[in-house]
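Each of the next two complexes has chain A plus one more chain, namely chain B in the first and chain C in the second.
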Partner chain A sequence: MSDQSASTPLSPHLQIWRWTVTLFCSITHRATGMAMYAGTILLTIWLAAAATGEAAFNTVQGIYTSPFGLIVLFGYTWALFFHLLNGIRHFVWDAGYGFSIPASRGSAWAVVGGSLALTVAVWSAVFMLGGN
Partner chain B sequence: MVELTLPRNSKINSKGKSYKGEKSASSDKAPEMRTFKIYRSDPDSGENPRVDTYEIDVSDVSMVLDALIRIKDTLDPTVTFRRSCREGVCGSCAMNINGANTLACTKGMDECGSGDVAIYPLPHQPVVKDLVTDLSKFYEQHAAIEPFLQSDDEPEKEHIQSHEDREKLDGLYECILCACCSTSCPSYWWNGDKDDGNEYLGPAALLQAYRWLQDSRDDEKSKRLDYLDDNFRLYRCHTIFNCTSVCPKGLNPAEAIAGIKRMMVERAK
Partner chain C sequence: MAKHGTTHFIAQRITALALVPLAIWFVFALLSHGGDNRAELMEWIAGHPWSVAIPLALLILIGFYHMRIGMEVIIDDYIHKPDLRGWLHFLNTFVALVAGAIALWSIIAITLIA
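Presenting the complex of A and B:
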């Protein structure tokens, strides 16, 4: 009865849905996928600046290591790890495993926790070993 | 199309009414008052939907459907919902209770937490009245996957099937077409009803498609796969898992759809 849609109301959907971790991982997989486009542009700018010369590199490096720049880089790192781990989750599904409710929820929580842990680990290493 | 907000005529207004019930006459227990917030919509009135509040004694109520019937009996006879078997085999009373789709008749009051119980129709569907949605599209999609045996054999009696082959249908044939799964799926919300041919069939129809693909007696596997091999019909499934989370029969449409995707890969080898 789509021809009656002018008068027939549409029932609420996102407005009333109770979120689950599997739903969160699905939408976040897409969001982090898009965020990585932006992150790749940042990486390209950094490399291009390094190839251009010291002055350009120092400018870009200065922006990236500012507090705001570091927050962006931290987010980019997390997006990368989230997408990577959730991608592995999809790969396992494609092979035909992990479809029970406990497995799907457990793997979702593992992706959330794992991506955060890996991000913290990488940046701890950067600050401890890099010492720029 | 992804539309995160509701159309203008579907937004919930603030004109909801409140009703307060009394202690249940049939209960010998201490009264246990519970608040239900129920979506109300009457397209004939020309008004936008509203949410009415009902307070009733649930001390002798076990299932949400019983509570709805008490509300209709004692407080407001205009509350409209479908129900029939009251034991989870007909699928009529599928609705959204506290943010997840389920059957009101098998959803226990003890599973509803301690706060208000919010009851809405199945999400992202045309509302006929209150909790009754128009499932014409959903049934069309079920018909589209040709849910019947198509065999080249014409046996004198029945089509013979081994025990092992019959077991492959367990977890697939039990579907009661209540639409909980399809209307829980964001992909189905955005792509389940489109006139341009780019339409997602939804978890329920795909689970049934897989049920016939798995049937050893069926000879039209290749034709069935041809129909499903489509960016939208099949591949709008992103394994979000809402379908499997809500299925009141404990079936696993997400796994069935992944099974179809694997069959596509295997036949392309």
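Presenting the complex of A and C:
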């Protein structure tokens, strides 16, 4: 970093901040965004396999519906709901509301709880529908 | 995208807004079609161009665009070596473009084959 121009600001490192739920949501918004980058490549592979042929599709579907695959898809579902709900929280901020400490803390907990509840609801439906 | 902050901010929000209904639709669609065999999946996509194939293509293309600009911000924030930063920006754009193109090609192929 010694060659870095003095004009580029650097963020303080994560470990110096006291943990808060708002901090958690901020970091997790980025982490879930990055996770979905990978997850959407999995979706692309699924579609490409279907376009390619029976053998390719069955291989991919077999991996995705294996226990490991289902855990990844469960994680992808939660990442999607978290990023979706926290994204809506960002829209509320963009509109100029919800900046007080109690409001931002409350909405952060709502995002954490809501994303977990929606993920469990979707996967309960998956297993009740007897899908994969 | 450094020095294009306002354009970036607006593009991020417009794509985010479009992705809200598309993502919700897709999660619920997968409840019925996530476990499809190939014939069922292809019939579902090809048989419903307006209500499945096009929303699916929009979801993936807008999604990759949104992810590319999101990842650009992350690279700018955390990668301080100019060479590595430039390389990762290229890789980010390359992956998003190639994956988006493969997904679009797949949806078109499925629609034509089925």
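Criterion: the second predicted complex is superposed on the first by the 114 of 132 C-alpha atoms of A that agree within 3 Å, B and C clash if a C-alpha of one lies under 4 Å from a C-alpha of the other, contacts with A are read in each partner's own complex, and residues count from 1 in each chain.
Assume a residue touches a chain if its C-beta (ideal position, glycine included) is under 8 Å from a C-beta of that chain, and two chains touch if they have at least 3 such contacts.
Fair warning: this is a prediction, and the values are worked out from it, not measured in the lab.
> Which partner chains sit in contact with A:F57 here, chain B, chain C, both or neither? Use first/second/both/neither.
A:F57 sits against chain C, while chain B stays out of touch.
> Would you check which partner chain A:D94 touches, where first means chain B only, second means chain C only, and both and neither mean what they say?
The answer is both, since A:D94 touches chain B and chain C.
> Is A:V126 touching anything from chain B or chain C once the two structures are fitted on A? First, second, both or neither.
Only chain C; A:V126 stays clear of chain B.
> For A:P67, decide between first (touching chain B), second (touching chain C), both and neither.
neither
> In the superposed arrangement, which partner chain does A:S26 touch: chain B (first), chain C (second), both, or neither?
Once the two structures are laid over each other on A, A:S26 reaches chain B alone.
> A:P102 in the overlay: touching chain B, chain C, both, or neither? Say first, second, both or neither.
After superposing on A, A:P102 lies clear of both chain B and chain C.
> Tell me which partner A:Y37 touches in the superposition: chain B (first), chain C (second), both or neither.
second
> Now for A:T8: first (chain B), second (chain C), both, or neither, which partner does it touch?
In the superposed model, A:T8 contacts both chain B and chain C.
> Per the definitions at the top, what is the overlap between the chain A residues touching chain B and those touching chain C?
Shared contact residues on chain A: 1, 4, 8, 10-11, 30, 90, 94.
> Can you list the residues on chain B that touch chain A in the complex?
4, 6-7, 9-10, 12, 39, 41, 43, 48-49, 96, 98-100, 118, 120-128, 133-134, 136-137, 184, 186, 189, 193, 195, 238-242, 244-245, 252, 254-255, 258-259, 261-262
> Please name which positions on chain A make contact with chain B in the complex.
The contact residues of chain A facing chain B are 1-2, 4-18, 20, 22-23, 26-27, 30, 90, 93-94, 96, 99-101, 104.
> Within the complex, which stretch of chain A touches chain C?
Touching chain C: residues 1, 3-4, 8, 10-11, 30, 33-34, 36-37, 40-41, 43-44, 47-48, 50-51, 54, 57-58, 61, 65, 77, 80, 84, 87-88, 90-91, 94, 122, 125-126, 129, 131-132 of chain A.
> Which residues of chain C touch chain A once you look at their complex with the stated criterion?
13, 16-17, 20, 23-24, 27, 31-32, 34-35, 37-38, 41-42, 45, 56, 60, 63-64, 67, 70-71, 74, 77, 80-82, 95, 99, 102-103, 105-107, 109-110, 113
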